[in-house]
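In the two complexes that follow, subunit A is the common piece, with subunit B as its partner first and subunit C second.
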Partner chain A sequence: MAQIKTYVRPMAGWWRKNPFFVRYMIRESSSVFLAIYTLILLVGLLRLTQGEAAYEAWRSALTNPVSILFHWLALLTVGYHAYTWWMVSPKTAPNIRIGGREIPEMLIAAGGLLGTVGASVLVYVIVRWM
Partner chain B sequence: MADTRTIEIEVLRYNPEKDAEPHYQTFQVPFSHDTSVLQGLQYIKDYLDGSLTFRWSCRMAICGSCGQMVNGIPQLSCHVFLRDYYPGKVRVDPLNHFPVLRDLAIDQSDFFENKLPSVKPYIVPKDAKPVSAGTHLQTPEQFQKYYQYSQCINCLLCYAACPQYGLKPEFTGPAALALLHRYNADSRDRGWDERADVLNAEEGVWGCTLVGYCSEVCPKHVDPARAINQNKVNSTMDYFGVRKLLMPKGGD
Partner chain C sequence: MKRSHEPIFWSLFGAGGVLSALLAPVLIFITGIITPIGLWMPSQALEYSRVLGFAQHWFGKLLLLAVISLFLFHAAHRIYHGLHDVGVHAGTGTMIASYGGALLGTLAAAFLLFKIGF
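Here is the complex of A and B:
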């Protein structure tokens, strides 16, 4: 094919141009909060191996208002991440058929969401009362 | 109907022989209740500026030629109506992520010459059967497994919706990968191995980050995001040799 002059439009700022992409970027970046939260938890585990004083110091550091603010923020973003993750889960699920019919997409998403809420409640009950 | 109003249509203009970069031009277009955006463009071409260039053919959401960005959203321009944008204006751009040839016409060759042929979008049978041997039979259940993915009209709206394709043009992309799945999922097909390199590649299903917008904009409800992402499972099974274990004879 003969070389034809074309104009290639720049991609800069692509995700700000459509609310769908903004939500996608929030979904993806919320994992940063999850990663930081996991690191804090791992540090706690490390401090636990270093004896009681070290562990208590880590615990008292968590009561810092900055830490509390971060944890609320992390809970919120991870909650959003979990919600969006289950909402796209039907796209990633293998093709499962029951009685020749595909499982409705909403059933997969709802099942995942219910499972997440159930597991969270279970963990809370165990930590709080057991 | 005597219902004639006037709407402002802003169109991206680009003349490769004169312009260094594109610019917008605004037209006042009379429309009635049933005027599509495509008909608005046709009005411009017929009465206001004959040099406006855009693709179209069937006018009824079948041929897949008239895809444009309508107010930033990939649409078949025959499938959306000016009444729904009035009293606001309509801005029409060529489909995103493709090089602009002229005005609203994009260079589609990356899809039609590279991506589409690479997935072998046709049945690769186990044994070539002569016509005299009759037709390949298929049950309704087998048919249902790929029917949805066979509805693709190659309109490229999904590529315009896919930021991954815009950022990394080597990504095989939604429509081609959905068609790859359409043939892999066909009971008459034994082409898995021939398509495996394209599917398993970094630019294959793994190039997708599940933005999911392709499935939102698809006018035929093909759901390319689903086709691609269920094949991440297949690709993983293929990598670990589980696929061959489950289907030693390729599905027979």
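Here is the complex of A and C:
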């Protein structure tokens, strides 16, 4: 049977043509980095159950330059996603009214960003000194 | 009408999104960068006995399970829908691979946290 030859618009590299879509793809790539990072944590948990030698081997693997580079890329992309997550939060959050008035959009976004900064400082202090 | 399963995945995606926006950058920075290179964080901060104690405490278990499970479901949801952008269309196979993987990771974490003791 003859194949019907309809024109299909080529989509290869569609996102490279527009800076907005380039930023979109960088942001979405963070999901892959986050998944891999979480799997690294899961492996760490597995090694933790296997005793001190296994856990320390996992720790020393993390000092490999490839690992450090991966974590820097993960930090940049996941951090960028965290920033955009809070910047759209006024659109995605439930509509909360205080005294009949809507909360200003910038206040919701700023609250989220401050939450990330606060949580980061808190985690650092707990891991380092508590 | 067939009920949609989207609300479940959407909730897990949202919860994971909030938790990862709050904690993922600092966790990556501490466990993957500053502790391994020994800058601004002494190596003893993540030593065996300390992390073991954390994983054996009920609150530590809860936090570790929440982080691993919700991060995985959040990432799975975005990878599942993001595959479309690189020309892989959403279907049963990609759904099982993404959400199934997140579920498997959750079960593994729960099992390990139980196995590690209290």
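We adopt the following convention: the second predicted complex is superposed on the first by the 116 of 130 C-alpha atoms of A that agree within 3 Å, B and C clash if a C-alpha of one lies under 4 Å from a C-alpha of the other, contacts with A are read in each partner's own complex, and residues count from 1 in each chain.
Assume a residue touches a chain if its C-beta (ideal position, glycine included) is under 8 Å from a C-beta of that chain, and two chains touch if they have at least 3 such contacts.
Being a predicted model, the structure only gives us computed values, none of them experimental.
Of the two partner chains placed by the overlay, only subunit B lies in contact with A:88; subunit C stays clear of it.
Touch criterion met: A:48 reaches subunit C, while subunit B stays clear of it. Contact with subunit B, but none with subunit C, is seen for A:20 once the two complexes are overlaid on the shared chain. By the document's definition of touching, of the two partners only subunit C reaches A:123; subunit B does not. When both complexes are overlaid on chain A, the residue A:57 reaches neither subunit B nor subunit C.
Of the two partners subunit B and subunit C, more subunit A residues are in touch with C. Look at A:11: by the touch rule set out above, it reaches both subunit B and subunit C. Common to the subunit B-facing and subunit C-facing surfaces of subunit A are residues 11, 15, 28. Within the complex, the subunit A residues that touch subunit B are 1, 4-9, 11, 14-15, 17-18, 20-21, 24, 28, 88, 90-95, 100.
Subunit C meets subunit A in the complex at residues 17-18, 20-33, 35-37, 41-42, 45-46, 48, 51-52, 55, 64, 67-68, 71-72, 74-76, 78-79, 82, 85, 87, 105, 108-109, 112-113, 115-116.
Against subunit A, the residues of subunit B that register as touching in their complex are 14, 16-17, 19, 21-22, 72-73, 96-97, 99-101, 107, 109, 113, 141, 144-145, 163, 166-167, 209-213, 215-216, 223, 225-226, 229-230, 232-233.
Residues 11-12, 15, 25, 28, 31-32, 34-35, 37-42, 44-46, 48-49, 52, 55-56, 59, 62-63, 67-68, 70-72, 74-75, 78-79, 81-82, 85-86, 112, 115-116, 119-120, 123-124, 127-128 of subunit A touch subunit C in their complex.
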